[in-house]
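These notes concern the structure reproduced below.
Letters A, B and C mark the chains in the order given here, with residues in each chain numbered from 1 onward.
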């Protein structure tokens, strides 16, 4: 199903510009390298604008903002929008903190976003312009479950339609939609929540997937989400006795490094709604 | 002895705000996640003030300072002090560099610090207002040994009393005191000195321990120190032939992930002075 | 051949100041610790100037520039030059981005560089003042091969002579020259290109090698290049089934941690031109 999409990333080796937080940036770089794409990081406004012009797309992650990086995100995001490049927004912590909420809402309004990738609390914040996220993890009350699946899918579709963007809402159950179709993906491991930055890594590789697959971007975003979840499953299955979250973090990226289209197809648990 | 204190961290899942250096920040985040707490990082002054209000405490680490982060530390630290939150100061490199010495001394004077966690060279610098630290490691002359233990304990107690803060002086022998009682802890491995940021990780998890245990904070700080040392011992015991400091770094966090109260109690080597 | 040079690093434990990018900084710190040296990171201009005075040398890596770090590089670099300390420049991404090209060219002109360490695309950019680097990897057209070896050696020698600096051009085949003699080194693994920051790590440890070996700096730089390549070979040989680039990254540093002079001598593949 998504195998060709993954293979296409390795064949084309897209260059991904990341303006991202300094907490998880190294794992984001190695995750992008693992799938056969190339990362570039730059957050000085002038540097960022120029770099984004050379890259196929930009990954905007608001994890550790400052005046400089906010300016760089706006400028580089505008430039990428003008060039018709992929622009992905990861609204880390939007809802918990005004500066992040404002920045995320402003980027959502001003840029031509190709995709938004966040947890449900963050996406609800973007939808309403304010929120109550506790830190950088989703509120339990916001979790997508089998019970609220229909409402959640409807909410996600509405968001995508209204903001003319692809949307990936990730959690125990992931939703990926263009406003019309919605993929419901059930890959991944709960233990990924104890690893800093698996969401950031997903946003990085999703940008590469979107660049490499311009003709089927909804599927590309869904494929990235399934890929990250499956890397978590494979990584976890390789844990030895005594291995914890730090080794798991490396095993997830290792799994990305070895994942091929056939395995992705075999392991994907995805339905359409 | 300290087992219940560790268990309490996992049960309550405290949210820890970190303004910390970009060198070791990823390991700090994963160490905090490993013990069942949640990390948030933010160093823009406005973001930081707001975030610290949501969190139970703040970990101020002066490892890679700049104008922005110095301002953020002062503002967020003041706000946390007003709210009666935990405020921990890690004076990395104080004594070696004027800007760090000044910042550490200023934070010590202006904030209501719950705890200071540093090596002996850094703490001596804070005590005197200047110092001769060589880089970010303690001077050999400043090491706490069995020979100078009594004087060292007295110095630590005086510091804690004078500055009305808990103090953890870490090295081959660790001292944790409130000015009255002093725990002398002999856990850990010398090889931890070849891993970047085990001290930073300790400051991160210690903040979580202090938040989760408001009624016995001296013991909480001592428990964090013992926990980090024991994680080093367990991590080292799992090293395979050919494993070096980079794998050891991951194994330490893995050990934190698996450590339970009973094991902590069994392995703690601690006496009171 | 280079064994004594490596051993000398461990015996003297040089203190290396790094102004480097936040993407790979943790691995740079652990790589420096692995060889028995000590890293200090600081990028605030005032902090940086003071720190560099205490250290034996400075590693200037332009990976994620901003106004502050550019100023810090110039000031700390000038101070280190005045003091006769080692100054190494790693022109990451020069040629692809104007701000990086300008900064690298300006540092090359104004400082007394002990050494430049980059890929061929970056060095060509420094030589001509402009370039066409694709991202942070060398253009395929710029690769040093057996076919163009003679021309490449000549180019490298000319660069070193003209700019009165040692030069290490790294890739599948590495060249290390002082303008007169040129070492051609064939260690390393192609898979290192899928690990973020092996070049950054090399620049960090090379600075330590240069500080520890003031009387034979050309050999010291060549030894650092061979050491990094051999660490890649050993690290790769320890990969287990399913291990990918993230685990490989750790195994490279682990190999640095265990490497001794005798092994380095035995494994070095180096000829003079």
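Keep this in mind: a contact is a pair of C-beta atoms (placed from the backbone, for glycine too) under 8 Å apart; a residue touches a chain by one contact, two chains touch by 3 or more.
The UniProt protein names, listed by chain, are A, B, C = Hydroxyethylthiazole kinase.
None of the values given here were measured: they were computed from a predicted structure.
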Proportion of interface numbers common to chain A (Hydroxyethylthiazole kinase) and chain C (Hydroxyethylthiazole kinase) (over half same, under half different): different
Cα superposition of chain A (Hydroxyethylthiazole kinase) on its sequence copy chain B (Hydroxyethylthiazole kinase) - rotation in ° rounded to nearest 5: 120
Chain A (Hydroxyethylthiazole kinase)-chain C (Hydroxyethylthiazole kinase) separation of Cα centroids, rounded to whole Å: 33
Chain B (Hydroxyethylthiazole kinase): positions in contact with at least two other chains: 22, 26-27, 249-250
Complex contacts: residues of chain B (Hydroxyethylthiazole kinase) adjacent to chain A (Hydroxyethylthiazole kinase): 15, 22, 25-27, 29-30, 33-34, 38-44, 46-47, 50-51, 54-55, 68, 234, 238, 249-258
Contact footprint of chain C (Hydroxyethylthiazole kinase) on chain B (Hydroxyethylthiazole kinase) as seen in their complex: 21-24, 26-27, 63-67, 93, 96-100, 134-137, 194-197, 242-247, 249-250
